[in-house]
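First subunit A sits with subunit B, and in the next complex the same chain sits with subunit C.
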Partner chain A sequence: MTTETTSAPPAAGSRTPARRRSEGSYTAHVGRPGFAWAVPATLFFLIFAIAPLVMVAVLSFMSWNGLGSPRFVGMDNWSRVLDDPVMIKSIWLTLLVTVLGVAIQTPLSILLGVWAAGQQRNRAVLSVIYFIPLLLSSTAVSVLWRALLDPNFGIPAQATWLFGDGNLFGKQASAIGVLAFVSTWQFTPFHTLIYQGAARAIPQVLYQAAEIDGAGRYRQFFHITLPQLRNSVVTSMILMIVGGLTTFETVLILTQGGPGTDTTISAYYMYQKAFKSFDFGAGAAIALVLVVAATIISLIVVRVSGYDKMRSSMEGL
Partner chain B sequence: MKIRARLPRLVAGGATLALALSLSACGSGTGGGSSDDGKIHVLVYGDASNKVEKQIVATFNKTSDVKAVLDTIPGADYQQKLQTIINTPQAPDVFFNWGGGSIQPFVKADLLMPLDDFIKDDPALKSNFLPSVFNSAVVDGKAYGIPMRGTQPVLLFNNGNVLDDAGVQPPKTWDELLSTVKTLKGKGVTPIALGGGDQWPTLMWFEYVYDRVAGPELFEKALGGEKSAWESPESKKALSMLKELVDAGAFGTNFDSVKYTNGASPALVAKGKAAFELMGSWYYAQQQQDAKDFAAKGLGYTTFPAVSGGKGDQADVVGNTNNFYSVLKKTKHPEAVEKFLKLMYSDEFVKAQMAIGNLPTTTNTEKFLDTSASPAYSHFQYDLVKKAPSFQLSWDQAYPPSAITPIHQAVQQFFNGQIDADGFIKAMQALPTE
Partner chain C sequence: MRRRPNHLAGVGSVVWLFLVGLPLYVMLVATVQPQSEYTRNGPLSFPHSFTFDNYTGAFDSGFGQYFLNTVIVTACVVGLVLLLVPPLAYAIVRSRSRVTSQVFRLFLLGLAIPAQAVIVPMFYLISKAGLYDNLLGVILPTAAFCLPMSALILSGAMRDISPELFEAMAMDGATPRRMFFQLVVPLSGGGLSTIVVFSALQAWNGFLFPLVLTQSDSTKLVTLGLYNFQTEHGINIPGLLAAVVLSMVPVLLVYLFARRALVQGLMGVGGK
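Moving on to the complex of A and B:
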């Protein structure tokens, strides 16, 4: 296209080639909206995503407590944040919570989703019940579980053989366990829904053919269902990763980052710095670290999974 | 094409976070003036006490040409929201605060009006309040706040029935406390309920033990920037006493999973599963609401035990001295504001506060103590606060807001053994003092 323009004869030429060229580009772009179509979305994106991001980047080089005007302090916030053991720990914790979320929720929701896609008795009723946690706000869910897990009046008091003294929020491992459990409880229904839809879309002929070939239920699951769900797995995993990296309300309400700083994940740490300590510069720096980390992780996932060249899983059908 | 498609993904993850930060950045602007609609705006923490504030504003408006308007910010985010609006055109003329560190950043930013001129006009604006309370809103030698609600000293509450069963009395000294803990543990009762999950209830133990061992001076020094105070022998003594108490099992083993704010730790005391709880004076009203029978029959209260050989007076108290009204420098109607503040020691104000269970800290409060819903409790508290040589504002309110999280983390980590005395001392020395 560009080469054609530059090689076009100068003003001397007649009008015909120009007309032909425009006709040509018209046919080439048939069915494709022009740039104008993207203007509203692009503007929206610029105003609400790029502009704030740039402002946060600028703010990360400033000292500002919300009063008076921000003051440039060079790399001060960055050296503090990158040197801060709590920050380093919070990144690992964030990754841990994210990985735990993916590792627990993916198998659960695939199984539930595939099951819910079937035609069994009572399936519809049970699916609705499984779906309920998703309808509740994260805040409500967290308040609910905090009360249910009270060591003296909640579930642990009734099951001391399992929970011991019930000090779930007093130790790092169990506090993280609670966070993972509560997000699993809340978000598995959503991913189940994705897999249910995807499993329903798998053509029955595949299973019929497999049955004729003598494949049992397990083989059908591993050799037809799972491969067919591949694209949904990637979609659902990306959503889980983004959700995991930005986990906030559950920490705020369930553990407040404690005991000590043992569940202070990055998003919560950013909130603490910016909105509790009014150190907006450091908060902005943490936010940027999160942006970079999230970017790297999603790039890796996209590369590894081939999301960017996602193919149909039904070739030849 | 490929790059363009990837770009949104690159940014989307962080955009949400970025938004939260930058939205508040947008709101800051360049100061501006108090909104001048010919009225004074009074901003208060939105809760049940607003009833009185509404009444006082109505009284004020009856006689004043410049009318007052009451604005409220409900919920626990008051300080956050206040800090984001105080330097904008939406800033109020007069606002509610906790004195001490909660207003220090505003004083440093030169936003507040020292009330010395008001006091010169009308000395009662100072002399009509209990000094230990009034002084907690003094920053750098200047008064910035007028007490406007009730005082909330921290007291040691107990379940009298549990104590009777175990044959013990509320402890008067630290040694008695330790032996009481032992006895109660032997009876299978958690000696002391602690909402460690909220962190600030744990801090109350530090405040009292430090005061009893070292006197109020140690903390004043540390707050003033003399960080070596945290390494002093008194500081180490206080920490070893706290450690001894925790190790003796005084709080049980799962206190970090218990919260005060969801009613779990008061329920432990009300149901007889625990004997004591150290808590602000609002505990009394809380128990009356949550466990009426217990509040009427078993709920007892005492001062914090004395420590023999300690430098602190056993009559010292800690807690929330009161809430305060502070005035913005840029208010357009200082005369009206002064007139409004004078109502904070009026009989009407005191009576209205008493009626809703608050205990004001004016000198005329004494006259009305018998009109309160629980006169014995009101007398006890008032005498305590009036006679206290020192009323230490809670540490997390005496320090500027940036220190709150580190303080809370340090006390929690010390109680659950994640850091030792040296770790705690280091954490406290790292606190920003301004």
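Moving on to the complex of A and C:
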């Protein structure tokens, strides 16, 4: 945003009285597009995104098997879902996968992002390779790792000194480890880009001043870089949390929720309930739990960090 | 300023290079060797013979059709986004109507809706509309879920157009429609290319909507083809990985020729 000119473009909807006066009565409303310009997109969005979101709440009180018409059943889906031990387990697994994702990816992507924002000579070449996982779809990433980690024909079968019996998908701990590893592999480049952009936007003069004061690299990192990256940490963490809570393709393709139900996380369980057992009401109830959880957690992160009092969420991008 | 090399980050960057580079190398090497050789020698061995059979095999097992379907879906999603978002963003940036700022809030709220959350009612809607197992049934929800981020990106780009230009055109008696076509659209090229890349990526890489809204081979998309190939011929790893490589090629081409727009479009993807 340019602020040095006399008429910086103010954000829509936050026009100051002074601004309105300066435009005079002639131009204030001449040449302004009406609401009609927003109607097609809004209608489209209402039908294909907002209406389904409302319907998910309604359907959670209905019984529907995919054919015919849904029938109102009151709290039946809810009591079944909340009594279901697999569901309760799936919530804990979802939280575990999400927390693991945030705990592994945040420090890693901050380190890589700050490094990639620097001026090393090999950086440009390396960063081209670094970001390749970003180009792959979740499906491609999961299929690739499923093949590479195949118990019989994959890397673990060849490197038994590292992987033991080689069947990483046979035990809960290693299966969850695979899920955490694959999402780290896939999403760290994305978060690295966020931090790279933000780290580049930190004024160099802060580091110069710190250097004059004799602060070392680590003090500079903890006292300048990290505090300056605070907005990006919040942005990136919210994205990780929402992404973690809705992890689906990786589970479907890598573990199918197994062994047993040991990696059946909520989004996958919802898919199974709705589209495998044709219990769409229970599926809708689980979906609603996910939406509410993602919204609440994001709001908590925003509140705790004081992010809602700041404006620039995309700094440096 | 900081001239001392940062050893910790340096080591980390090399480790990451290995973690990213090794799987990609294994994938490429696997796709150019016969299945029997890969099965016998494992993924870490150096290939002894060279073949393109895995790539032709992918096309034989239907990937040609899947590519065509995906191109159709991607083109239609991009077309819908280009049709709907520029007027929306124009209204968000320039309209004085109070309703418009409420609309903008609605789209900001929409940023937080994950596709997983609405997949059950979406299935209901699409099947009631008679669009189940129809490419249009995938196109419509995919485009709808591109709207919030595209609106955010494009209205950001349009805000950078100087108000003086609008005022000058208003003095000349230009209508909103003329301002839109002669001023706003020509000056938002960067934003437009970002939303094109963003929505194309969403459509190309989309999985959940095609998974639950289509069924037959004639409407299969590439991502779904990969998933089916894996469940049905999981043992043919070189063939499977060749299909993975093929699915990446278009995105890689964009990466080579429009890196900036791609990275900006990717940043819009939001960790999906």
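Operating definition for what follows: the second predicted complex is superposed on the first by the 260 of 317 C-alpha atoms of A that agree within 3 Å, B and C clash if a C-alpha of one lies under 4 Å from a C-alpha of the other, contacts with A are read in each partner's own complex, and residues count from 1 in each chain.
One rule holds in what follows: a residue touches a chain if its C-beta (ideal position, glycine included) is under 8 Å from a C-beta of that chain, and two chains touch if they have at least 3 such contacts.
Quick caveat: nothing in here was measured; it's all calculated off a predicted structure.
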Who does A:F45 touch here: subunit B (first), subunit C (second), both, or neither?
both
Who does A:P259 touch here: subunit B (first), subunit C (second), both, or neither?
first
Output check: A:N65 vs subunit B and subunit C. Expected answer is one of first, second, both, neither. What do you get?
first
Of subunit B and subunit C, the partner touching more residues of subunit A is C
Touching partner for A:F153 - first (subunit B), second (subunit C), both, neither
both
Answer with first, second, both or neither: which of subunit B and subunit C does A:G166 touch in the superposed model?
first
Should A:D279 be classified as contacting the first partner (subunit B), the second (subunit C), both, or neither?
first
Which parts of subunit A are in contact with subunit B and also with subunit C?
45, 48-53, 55-56, 59, 64, 66, 143, 146-147, 150, 153, 242, 245-246, 267, 270, 274-275, 280, 283-284, 287-288, 290-291, 294-295, 298
Per the touch rule, the subunit A residues reaching subunit C in their complex are 7, 9, 11-13, 23, 27-38, 40-42, 44-45, 47-53, 55-56, 59, 64, 66, 70, 108, 111-112, 114-116, 118, 120, 126, 129-140, 143-148, 150, 153-155, 157-159, 185, 187-191, 193-194, 204, 207-208, 211, 217, 220, 239-240, 242-243, 245-246, 248-249, 252-253, 267, 270-271, 274-275, 280, 283-284, 287-288, 290-291, 294-295, 298, 314, 317
Where on subunit C is subunit A touching in the complex?
1-2, 4-6, 8-10, 12-13, 16-17, 19-21, 23-24, 26-27, 30, 38-39, 42-45, 80, 83-85, 87-88, 90-97, 99-101, 103-104, 106-107, 110, 112-125, 127, 140-141, 143-145, 147-148, 151, 155-156, 159-164, 166-167, 169-171, 174-176, 179-180, 204-208, 212, 223-224, 226-227, 229-230, 234-235, 237, 240-241, 244, 247-248, 251-252, 255, 263-264, 266-267, 269-272
Residue numbers of subunit A touching subunit B in their complex, please.
45, 48-53, 55-56, 59, 64-69, 143, 146-147, 149-153, 156, 165-170, 242, 245-246, 256-262, 267, 270, 272, 274-280, 283-284, 287-288, 290-292, 294-295, 298-299, 302, 308
Residue numbers on subunit B that touch subunit A, as the complex places them:
2, 5-6, 8-25, 28, 30, 80, 83-84, 86-87, 105-106, 109, 111, 196-199, 252-259, 262, 264, 267-268, 273, 401-405, 409, 412-413, 416, 418-419
